[in-house]
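One structure is given below, represented as structure tokens, and several questions about it will come after.
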């Protein structure tokens, strides 16, 4: 049993954790939910010994401590599974499994790994390099490693990002087994409410560094949402814009080949109409990234033709396409799309050189009024919150942009900001723009797409229209099931018709 | 805002300088007064010359303690202090690499401000600068060691030249090498190529040739004399060729005696290493009288400068006001070329020179001194086969000073590519 | 953080000076030198009289040209370490332009200056092209090109441009007096040199802080990938930055030839390129500070010969003192950053 009492953690003026007390009991599954920046990660880092709290105490197995160290946490059986697994991709499975464990021969390691895998219904080839495993498998391996090291309290940080619905189900089943049969404590850190509702014996809700409440079943979803987001939860989600079926296609790809630094794909044939929102679904590295980067001209197009607004392009020069109204917004905003040490005004000057004279006016109209960007114009981009960064980027996209290509439009945004971003994007679509985006969050893709293009194994596997796009069908396609199997023969024809 | 910051920075700099000045002013004054008393106040033109010791301003190209060319000049200056009670002020390492941005006229200004009565510039490199400086101070005596402005007439009236006739010690070095070699192969690690270095290396060759053919009675065809240039007076990694490698390759190529024409002692070090590896080899360093000390039997001898007597002569003339800016190329003091008080250049035999050979050397020196033997006597051909001196003809000083090529029979480049 | 109060800046500066003094005392004591006198003599030697100040200024001119030039590529986060070679190339081009003339006047001098700027710029462009199209980091290409430039100048001086019959480090035949830059009164510094340095400062200030070009260059340096997304033409900007810096470095080389040595010699650059890099780092790449730090270095440089002359000390001690001062600035900067970081973390 672990008891946290009155944990405070301050970074400068920011109170990341503000007097948090909670109790974790063996054999139970907890969910820790909250928006980004609510203090979930800090709290879990305190628990895993990576962060020393400013004040407060931690009681582990009856021992009262002011803080934990990683070694101490491990000795007390606390194991943390990070969002990005901390493994060494070039090393084989058994060596990764052996990391941090006392000295053993390879034979012993393989035996223990086999035993654990059997008990938990997993399967690993000990000599396979970790780089060939999927994200889900790597997570599972990491989990086995933690168990092998004697972890009895497992903390999982956003474990369902980047894995298929099926893998997610397997993981949840495993966690359930560990808690119910082996009496382990499981803490699930997540921002997805559905997961918390599905799994948890109790939900801790955090908001602005405080533990606002601890909910127990039966859960009231509305209560959970309003506790999590406060006022921001209230607000309308814009409906999907209408698409004019008769309009000439905005984009027509004819036997297009794309070549990225790591792989190439194609030939691709795909059309999109004005006003259409198209979501791309796929596991990491399935091809959706290359699709977007190729379309905007950042990656090479060795073959095929692009037809944009009726004009044919034999090559995908970034500048030419940009002038033709193609805009690309990468997911990693600070790394790829903004200038960290330049201020807002300077960004505006760079994006709209001709508005240099009246940029203050532009800022007031565009950024503040339309996008609700509340920051001083002298603020550096790096000092903006994720939401404000996205607002800034969106305000820098000209109104007449015809084709918007976005990577994970709501990455790192809280619910309120996400909704605002989506409402804005839909407004642009309603005004005739075409949006093609991808998101690792399948729910988001399903919610905001007229059609879903599913990528598998570096290729376009199927295009599914809104009616057929469900968690099950898209999940199965993402995992590599042929469209024919998923929909039956007739449906497959329909799906392929969509792809034309 | 920016201007304010700049002003502030400027103000700070000033404040800092003031602070430094104030902090150390009293100390400095005390410091200055002590020597000033013995020195007597410098700015007193009417004060009698006798009240103030004669001061020589010496500009050295290398470090004053380089165990080579510059140290020899520095010790010459010290000799002056000792013999005449004169005062030496000097600045060493005056070359654009060691003191970026410093020009000879600036150094001269400083030396004069410190009370120098005449200026001696030590190196060929200072030619242009010293001409410029002498032009700016027409009432001061300037002497350029190793230059030739007084000979060519390019320099102003107050600039003279002085140099020891190093050709003779070099002949002795070559002679010793020619006597010592067993294989008949002699190597030279030369510095950069110019008239001075050609002159010196040709002298060494003539000495070696004389020993080989006239004393040992061997065939000239069996004597090989190979010159390798490194490109400067000392090793500058990445710029010059590496003298250690050069010497090594000469020894590896069969040379058993290697003469050094450069300012630093790499050649002796390499010879020592070969000795330790069991090879019978010798070396001859250059410039510094004591270069053979402690090197044992690997060192045959060293030709060196002894600037003391030359400086003394000039200083006395300057004091008496009789100095004439001439081109002065001083011969050794033949009665004893290693006499410190008399000979401007010398050759100090090392342990590597056998007793017999030493006797032969003494005879050779005597012949040179008496004028019985002049090695610059024809027939001598240039390296390209053209005639340098016809049979029986002897070379003039100008011909030797401005030697255009190496001689026939020598291997190596006569002029830079 | 980026707009700290003036008072605090001064405080930090004072801390650096204090530390420098302390360290100097520590370093000089074992060598038997009186520390404060040593420092006093050093500064006195560079500022003591008008003519000394003139000498310091004549060092300041090329140093400022280099360090101000370096700020331009640094704005794009480029370390143009090849600036040393660009100074050399400037000097070579300058000399080459004057070789056909035995004498001349303003026309020839302007031609020589233009040639020098061109030479430096072309040499910098090589680094730039390697960086932009060859993906060779400019530090490596710059270092390499520095060696090549040194090779070229040595080859010229010992080869085609040697004085008749002589190849020596003392360089080429001196220029005719009519081709020397005019001095300011009896001082060593020249009008043209001062003008060039001041013009470079003004040009850099305007370009970097008052024009869209400067903003774009900063953006390219901040985030080249984003610059591509904004269609700012990052490659072109990087090359332009290299060209400008190279041109200024070339001019520095020209002032060395036309105003200081009046001929080409192997160490014509006086390592001002490398010193310029140091100045840039000490100034944290702020244009407002660079000229003053250059002056500081110039004063030390000129003052250093007073150590052997006045105190009989080995003049390498001035190098040590200079090093100690630079080190103190970096230590104080480091402490400042560390404190700032700790302040954030606490």
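Each chain carries a letter (A, B and C) given by its place in the written order, and its residues are counted from 1.
By our rule, contacts are C-beta pairs under 8 Å (C-beta built on N, C-alpha and C of every residue); 3 or more make two chains touch, one makes a residue touch a chain.
Note that the coordinates shown come from a computational prediction; the quantities given were computed from them, not determined experimentally.
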Quick one: most central chain, C-alpha centroids?
C
Looking at B-C and A-C, which one has the bigger number of contacting C-beta pairs?
B-C
So, in whole Å, the Cα centroid of chain A is separated from that of chain B by 77
What is the distance in Å between the mean C-alpha positions of chain B and chain C?
34
Between chain A and chain C, the Cα-mean centres are separated in Å by 49
Mind pulling the chain B residues that touch 2 or more other chains?
none
Taking each residue of chain C in turn, which ones touch at least two of the other chains?
none
Sequence positions of chain A contacting 2 or more other chains
none
So, in the complex, the side of chain A touching chain C is made of residues 10-12, 298, 318-319, 322, 328, 330, 335-342, 346, 349-351, 353, 356, 380
So in the complex, the part of chain B that touches chain C is made up of which residues?
2, 4-6, 8-10, 12-13, 16-17, 20-21, 23-25, 27-28, 31, 89-93, 95-97, 99-103, 106-107, 109-111, 114, 124-128, 192-195, 231-232, 238-239, 402, 404, 415-417
Touch list for chain C against partner chain A, complex:
2, 212, 215-216, 218-219, 222-223, 225-232, 343-346
Chain C contacts chain B in the complex at 6, 9-10, 13, 17, 34, 36-37, 39-41, 43-44, 47, 51, 55, 58-59, 62, 147, 150, 154, 158-159, 162, 165-170, 174, 188, 260-263, 265-272, 288-289, 292, 295-296, 301-302, 304-306, 308-310, 315
